[in-house]
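What follows is a group of structures, each given as structure tokens.
Each of the next two complexes has subunit A plus one more chain, namely subunit B in the first and subunit C in the second.
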Partner chain A sequence: MLVVVRTANRRYAVRRTDLLGIRRADVARHEALRSAQPFASMALGALLEPLAASEIRPSQALLVSLRRRTIALLVERVEEFLEQPHVHPLPALLRNQLHQEWAVGILMHEDEPIIVLDLRAVARSVLLQRAGREHAETLVHAEIRDNNSEFAYAEPSLH
Partner chain B sequence: MSLPLAAAEEIQSVTLLLLRLDQQLYGLLAANVREVARCRPLTPVPGAPAALPGIINQRGTILPVVDPRLILGQPQSPPSRASRLVVVGCDDFTMALLVDAVLDLVALPSEAIEPMPPARDAARARTLRGLARHAGELVILLDPAGLVAGLREWS
Partner chain C sequence: MQQPMKQPSLTLDPLAEQPLFARMVTNIQGDDTQRSQLLKHLALAFAVVASAGCALIILLTILGLLRLTPALQQQVITATLIVLLMVAAIVGATRAAIHFGRGRLATSLFLYGTLVYVAGVIVVTGGVDGPGAFAFLFPIVAAGLFGRSADSVRLFVMALVLYAALATLQALGLIEPMFGAAGGTLRPLLFVVFFAAVGALLAFVALLWSRSTEHLVLQGRQQAEDLFQTNQKLMEKSFQQVELGSELSRAAGELLGSSHEQASGATEQASAVSQVSTTIEELGSTARQIALAAEQVAEAARQTLENLSDGQDAVDRSIQAMDRIRGRVQDVSARVLNLGARSQQIGEIIDLINDLSDETHLLALNAAIEAAGAGEHGRRFAVVAAEVKSLANRALAAAKEVKGVIAEIQQATNAAVLAAEEGGKEVERGVDLAHSAGQVMDAIVMVAERTAQSSAEINLATAQQQSASEQVVETMREIADVARRTAAGARQVQDAAQRLTATANRLHGVTFE
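Coming up: the complex of A and B.
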């Protein structure tokens, strides 16, 4: 089964089997606060269409469970559930050039091609981004600490 | 024995689809061209390089759209009303090339096609098949297989 969702700018399809659940974004946040499980969230549109900024606040959360964490990918709305969709493979020329293997096929729906996402791969990217940012912040803090200690060491010789 | 007129013409002339990319005139062998379509909104594929700006549904077939400008080292430009999608088939793939304009279909004598002069940029040279002149303007012949190879290197 495929679930058709809409970000601020586009429609995507995701496999129902990739999802732990679908919640309202505020409910997902509330549930995460009550449980002890690590939680991360990100707007799907901001990740997939970084150049198409949107003012619309996503209201639905697609929950993916990964490495004992719950990742909430936020979308504007969930539009449809399709029982037996016909999914086309990605053209080979395109498949071989992807920097991120987020797209796994193409759903033809109402004469419109809709990209079918591997939401677990998308969630992995969110976790990697977070881990990268935390690592970068650790490095920046370490550098500030080193610079401060260097300054503290150099200070006496200035007087 | 002389060849029938049609066969002689076939051997002696090359039919090219003339198109424009960033003010430069290019040619594609008509034999590689399946059809020309008006440009329409593309469906972008997340994670794809900028030279592959999306896909289209062309009569039930999903085609990748290739922006040759980037592979040829030209600046990217948004499509205009004159922009066209040229569906090209070559070897075992079919793709739609996003071009600024399609001008004409012309037959040139085979001997009017000259080989490309040696280029410093070997990767870019592979995307080009030869040079010709038409109505006083230089025409650069694009090689679709070379464009695909160029796309792989560019990505």
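Coming up: the complex of A and C.
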């Protein structure tokens, strides 16, 4: 099963099995605060398409649970749910050229090729890149930064 | 008018006014008064001598010393008395004529009377061959003393005629001498008496002649002395006249030059006065034009005041309208702001609906996922979830549309607010401009009033100037007339100066000739 989401300029598909849940971003943050679990959020569009710009705030969150942490990858909209999609694997030539192994296949939906993402790999890369730089920050500080960075999509915070 | 110049008189002494030399030549006795005195003396002497002779003859006759017959004595006494009457008549007539100031008549009466008297005496005293003929000498010689040039000759001719006539009459026997027959001592006595009488009278005449001559000489000397004095004075006067002539010539030259300058100046003055009159007339014409222009300006100012009054009313009305517009705009602005606030509230509600739709969409999506995970049992629930998701999407779409409409409303509201604010500001500026226009209109009204007042003053001033110009022109005309008369007078003075120069030159020449 795949879930089709929309970022600033493009639609992507993620596996249902990679998701912890789908929430509104503010709801997800409140739930994380109530459960006192480390929480991080980052705009998926800004991560995948750094040069793209969107006027719409990514208000819906794709929640991924990784190493007792909840990572919210924000998208503009979760459009639909596909039960039995036909996913084509990436060609070997293309797969060998990728620096990050975030894409796992191609879905043709409504005559449009949609990249199927490995959302856990994306979440894992985010954690690895940020781990060394933000290791000493406290959770409270991280919470404050997370609140302030609600609209700072290019600067995701890690708890 | 040219006055004839009076020739300077050369008479410097009253004596010169009398015909002195002519009088001395014609009469050595001087004037008639002196001659009358001489005649009175001579007549008196004649009366005395004649009376004495007659008295002697009468006395000798009465005493009988003449030895005449009684008849003859009577005739002698009668004749002697007749002679005395003649003498008295002659002397009386002469003195009467002298008394009445008829000197020449007195002289003629005396001389010709004595001539007749001598003729009568000749007849009485023995005829032409008697002693009476001697008596003719007395009037002839006396005529030389009193008469005028030819009187002696005329008396001599008349005496000669009378003597010749008596001789002729006696020769013809027509008259007979009274004492012709007398003899004895009477005839010699008569000769003696006549000789004595005639001699005495001639001696008296000679005495008078001598005195007259002496007086004449003294008078001539005195007159010569006076003439010398007069000549001296004349010489002095001549020198003075020479100096006076020179000064007169110099003064005449200066007068001539001055008259030239005066004539030239008067001509230039007349020309200048004419030019000034022309200029003043042009000034008067200009003043009339200015007065006309001032009247036009005053009329324009009055019309401007009327128009300004209407304009001021319009400005006042526009200010009032601006104030009302400002109030309306402020009211509209408040209403628009209120509408904007309401739109904002609607937007917030729409945001809430949007959030709910979004939430519903996610819930429906999650429900669909869960339903799909439930297998066949979740099919119906999946359908419901799909319907819910569809409704949520529709609500979300509707909310988006409403939000878009609200955004447009808010934009329009903001634009309206901005427009209202701009309109309010424009109205404020319009009010300010209207007030400024009103102030400008007030200033223009004051300026127009001052212009009208100034125009009236200019009109009055130009009228006075015009009147003054006319008076000046009239005065300048009078001055020009005076200048012309002055020029004419200067020319007359010039002519007079030229004549005066000529006169001075003639005087100078006369003095030195």
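One rule holds for everything that comes next: the second predicted complex is superposed on the first by the 132 of 159 C-alpha atoms of A that agree within 3 Å, B and C clash if a C-alpha of one lies under 4 Å from a C-alpha of the other, contacts with A are read in each partner's own complex, and residues count from 1 in each chain.
Here, a residue touches a chain if its C-beta (ideal position, glycine included) is under 8 Å from a C-beta of that chain, and two chains touch if they have at least 3 such contacts.
Just so it is clear, the model here is predicted, and its values are computed rather than measured.
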Using the overlay on subunit A, decide if subunit B and subunit C clash or can fit next to each other.
-> fit
Which holds for A:Trp102: it touches subunit B only (first), subunit C only (second), both, or neither?
-> first
Have a look at where A:His88 lands relative to subunit B and subunit C in the superposition and call it first, second, both or neither.
-> first
Partner chain(s) touched by A:Glu112 [first = subunit B, second = subunit C, both, neither] | first
Is A:Arg23 touching the first partner subunit B, the second partner subunit C, both, or neither of them?
-> second
Among the partners subunit B and subunit C, which is in contact with a greater number of residues of subunit A?
-> B
Examine A:Ser59 and indicate which partner it touches, taking first as subunit B and second as subunit C; both and neither are also allowed.
-> second
Mind working out whether A:Ala36 is in touch with subunit B, subunit C, both or neither, as first, second, both or neither?
-> neither
Closest CA approach of subunit B to subunit C after superposing, in angstrom, is 26
Doubly contacted subunit A residues - partners subunit C and subunit B | none
Considering the complex alone, what residue numbers of subunit C touch subunit A?
-> 355, 358-359, 361-362, 365-366, 368-369, 372
The answer for subunit A against subunit C in the complex is residues 1, 3, 16, 21-24, 27, 59-60, 78, 80-81, 83
State the interface residues of subunit A toward subunit B in the complex, per the touch definition above.
-> 10, 47-49, 88, 90-94, 96-103, 106, 108, 111-115, 117
Spell out the part of subunit B that touches subunit A in their complex, as residue ranges.
-> 43-49, 52, 55-57, 60, 62-64, 66, 93, 95, 148, 151-152, 155
